[in-house]
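A, B and C label the chains in the order they appear, each numbered from 1.
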Amino acid sequence: MTTGPNPADAEQLRQLLARFSHAFDNADAEALGEVFAVDGSIELARTGARFKGLEEIRAFSRDLGDESPDHQTVDSVFTVDPDGTVRGRSRYLAVLADGSVHNGDYFDTYTRTPDGWRIAHRRSVPRYPLARPAKGPLRGGLGVG
Amino acid sequence: MTTGPNPADAEQLRQLLARFSHAFDNADAEALGEVFAVDGSIELARTGARFKGLEEIRAFSRDLGDESPDHQTVDSVFTVDPDGTVRGRSRYLAVLADGSVHNGDYFDTYTRTPDGWRIAHRRSVPRYPLARPAKGPLRGGLGVG
Amino acid sequence: MTTGPNPADAEQLRQLLARFSHAFDNADAEALGEVFAVDGSIELARTGARFKGLEEIRAFSRDLGDESPDHQTVDSVFTVDPDGTVRGRSRYLAVLADGSVHNGDYFDTYTRTPDGWRIAHRRSVPRYPLARPAKGPLRGGLGVG
């Protein structure tokens, strides 16, 4: 069974996720130090790439260059495992330099440091657009009449 | 006159909306039971379609298949009517399997159960893209220079 | 050094940003009065346009017409300067009438009035799509495999 963090922690985690976008998308090395744990890591599910530790994450962000995708993070759910592990599951909306949009899931764990919450691990899993062509006509959903 | 829920309830409602996306878009029947009231309903404004009760909502989600749109929910405002009805108004951003984006409004009411907040009713109203062609050149807004 | 607002104020600021979208995108003159300070202002970085005072903002919203872009606001970080100035930095996702997406940054200051928080100043800075063609192939990021 899982429970959630208290409202004050939830608010701080929400702002941590927001600060990720501003720090990472602007390759702000100092701000990234306030987002990821020193031993934090990012794992890209599609390619299998891994970035281990704050310095590799800073280099990843910097090397993407000034036309890299922007990442927006929404629909975050925070839970606490029985052993105290704090998890977050979010949807990202990436906007590419040409205005095209990709989405996917972030599966995170967080760690509390004396300076505040940090991302300990992020696994990023793309959803759309499909890497393969769609099988048939695009289907509707809520409000896609 | 309307007032808002307290911050703890607002945080729980925000996470309820996030859990909708993860549950519905993955056709997770169990998780949908933690999102909608047993007698909850969804109404699609454009087509007039209605899904009444948790089982119809589960079937709707499942029948959309694995290339159905993903739904992201943002810009939620929560209010409480004088009679105690808790309402939410949000914007959705749907990403289709080909990466195209639709947006619209969710007009919700919520109900508090012994297991937490649930969606009692959702009316989904599409906004863009227009069903008809635009009347003229696309216009600017904030930051659409 | 900056600090953040307390959780109750953060929640109110978050809903203020949500109410901006619903009020501005629907040219709701009354609701805009609950979003912007009477002497509030909007500044568009790319064009240099400025809208000073609630009446100019109402006219701006109304004159955009019924096919103007919709604005969704996410990834908000709230900070308080040593002199008490409350700031917000957010990412916007604009959806145009044809379904195309633009993003950018909102740099805000807020003011607390007897009726609640209001936007005192908003500077809107576009990010993507680039006004110039991209320099090379679009690059990947998190989850853009």
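The definition used in the following text is that a contact is a pair of C-beta atoms (placed from the backbone, for glycine too) under 8 Å apart; a residue touches a chain by one contact, two chains touch by 3 or more.
Bear in mind that the values here come from a model prediction, so they are computed numbers and not experimental data.
Chains that count as touching both subunit B and subunit C, per the definition above, are A. Matching CA atoms, the turn from subunit A to subunit B amounts to 120°, rounded to the nearest 5. Of all residue numbers used at the contact between subunit A and subunit C, under half are used by both chains, marking a mostly different-residue interface. Separating the CA-averaged centres of subunit A and subunit C is a span of 22 Å. Counting partners per residue, subunit C has 7, 11, 74, 93, 100-102, 105 as the residues that reach two or more other chains.
Every residue of subunit B that touches subunit A in the complex is listed here, in rising order: 7-8, 11, 15, 17-19, 21-22, 24, 42, 44-47, 64-65, 67-74, 92-102, 104-106, 122, 124-126, 131. Across the complex, subunit A is touched by residues 4, 7, 10-11, 74-78, 89-91, 93, 100-103, 105, 127-130, 134-136, 138-145 of subunit C.
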